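After this come two complexes, each holding chain A, first together with chain B and then together with chain C.
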Partner chain A sequence: MRLVKNLGYALGLPVLLILLWWGYTLVSSNFYVPEPGEFVTTFADVWFGERFFDDVLPSIGRLLAGLVLSILLGVVAGLVIGSVRWLRSLLEPVLEFFRAIPPPVLVPVLMLLIGVNDQMKVVVIVLGSVWPVLLNTIEGVRSVDPVMTETARSYGIDGWSRFVHLVIPAAGPQMMAGIRQALSIGLILMVISEMFASSSGLGFTIVQFQRSFAIPEMWSGIAVLGLIGVVLSFVFQRVERKVLAWYRGLKEVENAG
Partner chain B sequence: MQAETGSSAVGGHGGADRPATDRPATDRSAAGAEGAAKDRDKDRDKDVLLSVRGLQKIYSSEHGDVEAVRNLTFDLRRGELACLVGPSGSGKTTLLKCISGLMAPTSGEVLLGGRRVTGPPKDMAVVFQEYGRSLFPWMTVRENVELPLKNAKLPRNERKRLADEALAAVDLPHADKKYPWQLSGGMQQRVAIARAVAYQPKILLMDEPFAAVDAQTRADLEDLIRDVWHRMGVTVLFVTHDIDESVYLGERVIILSSSPTVVQEDLRIDLPDERDQLTTRGLPRFTELRGHVYEEIQRAKREAGTRV
Partner chain C sequence: MATTRAGRSWGPAALGALGILGFLATWEVLPLTGLVDPRYLPPASEVLAELGAQFLSAGFWLAVWQTVRAWFLGLLIAAVAAIVLGLVIGTSAVLRRATHTTIEFLRPIPSVALIPLAVLLFGVQLESTLLLVVYASFWQILIQVLYGVADVDTVAQNTARSFGLGRFARVRYVTWPTALPYVITGLRLGAAVALILAVTAQLVIGSPGLGREIALAQSGGAVSAMYAFVLTTGLLGVLINMAMRVLERRALAWHSSVRGEVAV
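What follows is the complex of A and B.
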């Protein structure tokens, strides 16, 4: 019974939107808005075949590589920078500067420096996604409760042990918030990295369809992007629920009290 | 404001009630202090576990220096339960941080078992007032209690035994799989006490541990501390602002003056060792001692008023 209710909430609005869309195509015909039926057949034709292996999987692969690198880099550097006060003061202005640069403008430069290949595309994704992870981790490390820090010190918990048992878990909620932002930035940059001088990938394919006025095909590509985003966020939520179970519990208690 | 406190007679008051031998040698030069202290250590009473000598702490800030603790000297014998009581803002927490090695004093020294404290010592445990922020919320009660033991590389079964014993001692044997935030405030502070007890320290420092729990829980926790102290034979230094609590708990009450702090009086509590919330607090001697401590605190506050 509860499953049905939850499913109703999850699917209710999408179904309604599709119905509205269908109704719209009944009363008026617009070249740029395909009918739902046509859209579904196009979707299947375009993506359930070679394109899935030639364009979709490589794009997802680069996206995941970029995200994993961003998370590793952001968390490790964030832990170090957050823990060393002078390093933080030294680096923070510089980090803010680099973070402010929109990665798309770097694509031509990177093409010259690295070449037109997978590495370049992964670097573009990392250059955008690493910042929220890095800056949030720094902030999380910095805001570890002083009483907890003193408790750890008084019991001689220092060095590696301090990181594992105190700093990383305490900064966990902030880190996860950063990673959540990194996911959506990564998806955007995955598309952008494939728009210049590329010959395959989701972004490239969608642009191709646009230029050749293959409108239903173009929409189906956009839908694939949306679906990737949904799956990413679903997986993320699952992980977060597991890793930060204590945090949710703590917040619930605090809000109730 | 307080930084301007002049050279009034506070120090003199502090010395009035104390035996002369316990006073620090105020005339010794800073250079000779180290050597003199070492010589003294050798022939000092073996019974003394904690020794605070001429402790001073000055906080430097943009708005000038603030002298939180001026000159504190006292000894704690092995197995003693002493309460430190003083008016609010008398630098009790500062003192405790210096003793626990979390903060370096501006001058003077703290000796634990004859050795100078420069960082958190191994055989000391601290229980903080903010239990909710002292326990790690991502760990279960058992994990919290076992963490210092794990860090000290104790084998698994030894950790488990010590944690079980400690949790039983604080009357929480069945809460080990819960998270701290699932427990009431009083229970959380019990967990923090269990963590300290399981660590098997020689000395237990407590910084107003019951200030944030309700009155009934507080009475239970006071008896718990007496009980743990009896059973473990640990030395306890209990900081509080509550006069009743200090008299009820301690064998001895050290009364601090207002900031900049000195020891105003060192009072022996000659109540029977077996204490009970109802009968002990009903004793005429209890009322007398409480009245005395109260007057001393009032005096400390008045003197603070004249000094500022």
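What follows is the complex of A and C.
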């Protein structure tokens, strides 16, 4: 009974929305709104075939490459910059400025500097999504509890083990918050870089559909992008729960107390 | 955070200025050494001179105004919708459970996926920019409002109820003050995302504003103008971030001592 109720809560609204959509297409024939049945068959036709290998997988590959690079770069540079006070003061204004630049404007800039190719698209993703990781890591390292820092020092914990046992765990929650922002920016940039300058990839394909007024196909492309976003955020939540399990536990104890 | 920073001497500020100068110097020298083709990356002085020239042109300020207008209108619509919906959904347990899956599904959809739709519906108008801006910033704010409403102290809520406060009064005097810090965090995040999407829409769709100027300058080969516009979007972003921090400090003056930075 409980299960049925939970299921009802989880699926009630989505089912209702789909029914509304279906009902709407029954009473009116809006050119821009395909029927649900038509949408599903189009989705299967368009994306379960060679397009999956030609457009979807390369796009996802570039996205993942860019994200992994920017997380590595952001975390390593952030740990270094965050630990050295004068370096942090020196670089912070410049970094804040770079973060404030809306990353998609880098697409035309990098088209000039690198040209239109795969490297350019990965670099766009890295240059856009590295800032939240980097700045959040710096902030996380900066705000390590001074008592812990002093304790670690008096126990003679320094060098490498200080990073592994004190700094990285303490900055973890901030880092993960930065990485979450990086995921959504990376996805945006994957699409933009392909819409702007490409002859393949998801972004390109969707714009192509729109230009040729292939409306159900366009909607199916939007759905694919949505699914990628949903899967990314689901995977991230799983990883975050694993990595920050201790932090959640700590917060719960603190809130209860 | 502000007080500790101001408490330290002028050292960090001077170092920061030095950092900016160093960055500009590197940018100036890089094209001269030939490591980067100066046709594609003009030296800093050239771009800054171009930016100065742009400051005197009416077209430049029109583009800035169009971008700021799209940013502001989009953020305003998203904020009003998200706050109202967030309060309604958040204060009802049934609604909160019933909407959970739908929100979690719709939220991660990248708003740029809506670009083709915006083009079809509105063409190269302000409205297509607004569609993207509103969609992107709406979720940021809504999620924070929901967190904030969920954070309401049960004792305070029950006390208000036993004092006979009605539903509206409870929202006004108990829920809203609790949720306000979260709302402000949502606004700050939403403001940054809104600018990104405003410029992106102009860049890709070609609706009027700074983004379109960048695309035009790039395709027209006006390289230093393109960099000048890119710098302008960055400056705009810094200004918006600063404005949101001021707003945060103003709105939470009564509260900021209690509140740590909300992790998002």
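Rule of thumb we're sticking to: the second predicted complex is superposed on the first by the 245 of 257 C-alpha atoms of A that agree within 3 Å, B and C clash if a C-alpha of one lies under 4 Å from a C-alpha of the other, contacts with A are read in each partner's own complex, and residues count from 1 in each chain.
The definition used in the following text is that a contact is a pair of C-beta atoms (placed from the backbone, for glycine too) under 8 Å apart; a residue touches a chain by one contact, two chains touch by 3 or more.
Treat the numbers as computed from the prediction; the structure is a model and nothing was measured.
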- First, second, both or neither for A:Val56, with chain B first and chain C second: neither
- Query: Is A:Ser161 in contact with chain B, with chain C, with both, or with neither (first, second, both, neither)?
  - Reply: first
- Item | Contacts of A:Leu73 with chain B and chain C, given as first, second, both or neither | neither
- Task: Name the contact category of A:Val116: first (chain B only), second (chain C only), both, or neither.
- Result: neither
- Query: For chain A, which side has the bigger count of touched residues, chain B or chain C?
  - Reply: C
- In the overlay, answer first, second, both or neither for which of chain B and chain C A:Arg153 touches. first
- Query: So, A:Leu250: does it touch chain B (first), chain C (second), both, or neither?
  - Reply: first
- Is A:Pro169 contacted by the first partner chain B, the second partner chain C, both or neither? first
- The residues of chain A that touch chain B in their complex are 145, 147-148, 150-151, 153-157, 161, 165-166, 169-170, 172, 246-247, 249-250, 253-254
- Query: Where on chain A is chain C touching in the complex?
  - Reply: 9-14, 17, 32, 86, 89-94, 96-109, 111-113, 173-174, 177, 180-181, 184-185, 187-188, 191-192, 195-196, 203, 206-207, 209-210, 213, 215, 218, 221-222, 225-226, 229-230, 232-233
- Note on the structure: The residues of chain C that touch chain A in their complex are 11-12, 15-20, 22-23, 36, 40-41, 97-102, 104-117, 119-121, 192, 195-196, 198-200, 203-204, 211, 214-215, 218, 223, 226-227, 229-230, 233-238, 240-241, 263-264
- Give every residue of chain B touching chain A within the complex, in rising order. 97, 100-102, 120, 122, 124-126, 128, 130, 133-134, 136-139, 147-148, 151-152, 179, 181-182, 199
